[in-house]
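Structures given as structure tokens follow.
Two complexes follow with chain A in common, the first pairing it with chain B and the second with chain C.
On to the complex of A and B.
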């Protein structure tokens, strides 16, 4: 499993040079995943999720575009395409496919995407489990919403509360698009932290809604 | 012999002996099927009895013979002790799991002392579920070989989506024992979606509700332009139509006990009661009520059952599947209204109550325009074709259960969450909790619960050779990899020293490598009856091929022969046909060789005619081109 790597965006963008094909020993361009001579798949190089899916490194991305790229890459690299190949080629294709799945699952989630883009800049979003929140205003807001969720005891109350929280989630996502476009990573880290809390509240609200009486739709 | 295989120009030659044909196999709890696909048109292979379904029932007779399918099921009433059915419910299971399976199990299990997989006593043999399944798979393989006229050694085998790692590994082992290389384990609902989707050019979100004999699966898929993407899957690997049978059988037995008092029942009695219950269930799919006679313990009792009582008996079981569906919809983050169609799979979806409840949840009439018994095998065959011949189809599946590691306080730290697309590889770092700790126990578990003991234990290993450090300083990186078959491999690496250990997860209740080796050796040497049977089948297939070629040649070119020669050929053909009906391999081979000898002259004359025809009016270049085509 390739780890995140800030320095080498090698595969798609900055890569130059070549490496010998493991199968026929021909020198293969680092950018090429297949040997131009024998056609055999080459082990994946360290890369990032945007490069893996052939996407520009922008926070704003459309679901349709992401999905199209994902399916396109899996059509080429999925192990099903290598079912009749020797074990080593199958193993390499599995590495690609696992990386592509990881890229897709990270980038399609607005919170994971923000955190991932910050990590590419060497910034870890604070406020993980056990961390204290630096921003007391955010903390107050979260605690207030949390109490509202615990206190809600009708479907209507919960529905309007969920709408309020989901609006906060959506607003944070829009804000992230703006600050990432400006390369303002410090502000991005703050907004990402807000998005993390709002996302968690949204999940809590959904769970609580499920346990309210009379909710099952049959 | 190949001299007789002359093709008319433009005629498609029959598949060559060595040509790669992989089959699709649905290894079911109640019935199994094998299907073959060519040019995206899958078809179920029928047995000699003309049936598509092979009952997943095996009888081990006293004389060492083995009956599989309908013949084995027929033994159930008279001689239940030698018959085993529903063995899929035991795949990958240990004694503790089996204890928790409710109801009377129609199996006599060998007590186990040292862990490992359960063993079933049947007739005078003691067998693992893997071996019994391999016998069913071998029968399906033979069925396909009979139809194709050549060997089949690659297959796509389906498994319930909710099968855990142990049950998946057991299935793969069974195929290996049967001489089949598994190209891919495909989840049953995914296979069904593939068959349904391609047949109906379906696009959008679909739910596949698959209630089989022993397992329940629900998958939500997004289908578009040849991509079948599973969004979420869920199920219950211990819930199926068998449980409906158990409910009815218990109801009958309770009635019987009221009428004639309690009597002790043998395993054979339980098997018989279940057969009666199954008949009652099937009949109540179309009738309002019926009468049945229970014949157990040497006494007969009469029972009436109507739909109302039946639905009361199984209502809770059906409700359990509906609750799972609701949870999976949540996991997939879709509502019932988003679902374009619900496809019914599995024989148990014939029960009207099941259909009604599914319709109620999804708010639309479920689709059943492909035979719910066949759709999984058809999808498996399509995937087998895709994997051998190449295809634009893309199946993107997920892992049904979360995978994790035991941490301090018997808690589970999840490494891979359920419904993650596979293949997947995830790493997590762990550290030591004592100064100078040199080893770390790694306990791999599968399931959704917080505490270790509520989950399935998959494997344990010890990571050794950690250099002496203060507590919390070592960095041990544990990587979980799930391949496209849904099978897990775990590796661990200590980062300061670079020591690495890779462990192929062998389920705690699986077969050890030694056991597997022994079984393979058994199948080769001691399993003489299996071998004889296999060789006989192969000889029959070859004899059938020779006879077929001669018959075709007689139709095409009988004018090359005089009456005496035609008579001799027909006599030889009859001898082969008679030998094929019997079970004497030497006789099959002898008559087949005789036919070959008798037809040599005929073959030579046909060859001459073929060359003459080819030469006639053909210019030299075209002829040369054809000769080089024929002799690659």
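On to the complex of A and C.
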């Protein structure tokens, strides 16, 4: 338990400075989610998903690390631990728990993680609601893959097509790791767009595979 | 969410599905995508020597509203001059099909597609007359 508290104390908010504890009025370090004097939980400050989970802001992140951080913070803020506390503390802990869930669900998904990192830079991946893109090369490729999905009528054809699309997904994820590491956000936005289309194609291929006669789930 | 009869009609019986020869100098091709929903739309026009669109084809991978919007646009532009076709607005498409607000972007896609097809056609004309 001591380890978890240490983690949360050092990485809870990422801000510097202090604020008065809402319960005992003691000045509390902004980085600490708990008052060092009375131990009461402090309201969450504006933050980002990486800080919320105590992770560096890198695109490449290991699943193990993400899971470990997530479950660690979940234990710290789990509403069950606040069940006997006053309503305000329960409400605050629930806010933390919701933020952490949101952070985990965003960061564990390679596409959402990329789009989130771009949003932190003020870049909205083209095609937010209503936007259209005219990147002929990408769109030709997407059109062609869509046609192949519609045209595939044996399990073998569909399996090799799905392998091809999933390889594109994997390649885009690797490329994102590289361009984010170089802080090349323009290229990251392009690759994220590609990943968005490829992810969508992968879902469509999976759906179509399920409706082939004699299909097997894989 | 209930869809209009016109929308369902275009969705169930899409008009002008197919492709025209992209390499033909009289054919303009517009290819646009809406990544928010993963839609991709190809719209092609063939223009005769009088500047009138004599044929239009589309291929759309996307939701029913995107398919209906592109089907409707191909129907509308046939027999129109290129200049007339260029004035088609997404709001007219959306109104005709009674698209629900969350599907307005499908009509935007169709407007962008016809504009892109016209731009491609004009590029070809400019190139051949230079």
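As a working rule, the second predicted complex is superposed on the first by the 198 of 218 C-alpha atoms of A that agree within 3 Å, B and C clash if a C-alpha of one lies under 4 Å from a C-alpha of the other, contacts with A are read in each partner's own complex, and residues count from 1 in each chain.
To be clear about the criterion, a residue touches a chain if its C-beta (ideal position, glycine included) is under 8 Å from a C-beta of that chain, and two chains touch if they have at least 3 such contacts.
Predicted, not measured: the structure shown is a model, and the values here were computed from it.
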Touching partner for A:44 - first (chain B), second (chain C), both, neither: neither
First, second, both or neither for A:200, with chain B first and chain C second: second
Chain B versus chain C as contact partner of A:33, first or second or both or neither: neither
Touched partner set for A:74, first chain B, second chain C, both or neither: first
First (chain B), second (chain C), both or neither touched by A:110: neither
Chain A to chain C touching residues, read off their complex: 125-136, 138-140, 142-143, 146, 193, 196-197, 200-201, 204
Contacting residues of chain B [partner chain A, same complex]: 20, 183-184, 227, 229, 322, 326, 330, 336, 360-361, 383, 386-388, 390, 392, 394-396, 420-427, 479, 481, 483-484
Residues of chain C touching chain A in the complex: 31-36, 38, 40, 42, 59, 61, 104-105, 108-109, 112, 116
Chain A residues within the chain B interface of the complex: 1, 3, 71, 74-75, 78-81, 83-84, 94-95, 97-99, 101-102, 104-105, 210, 216-218
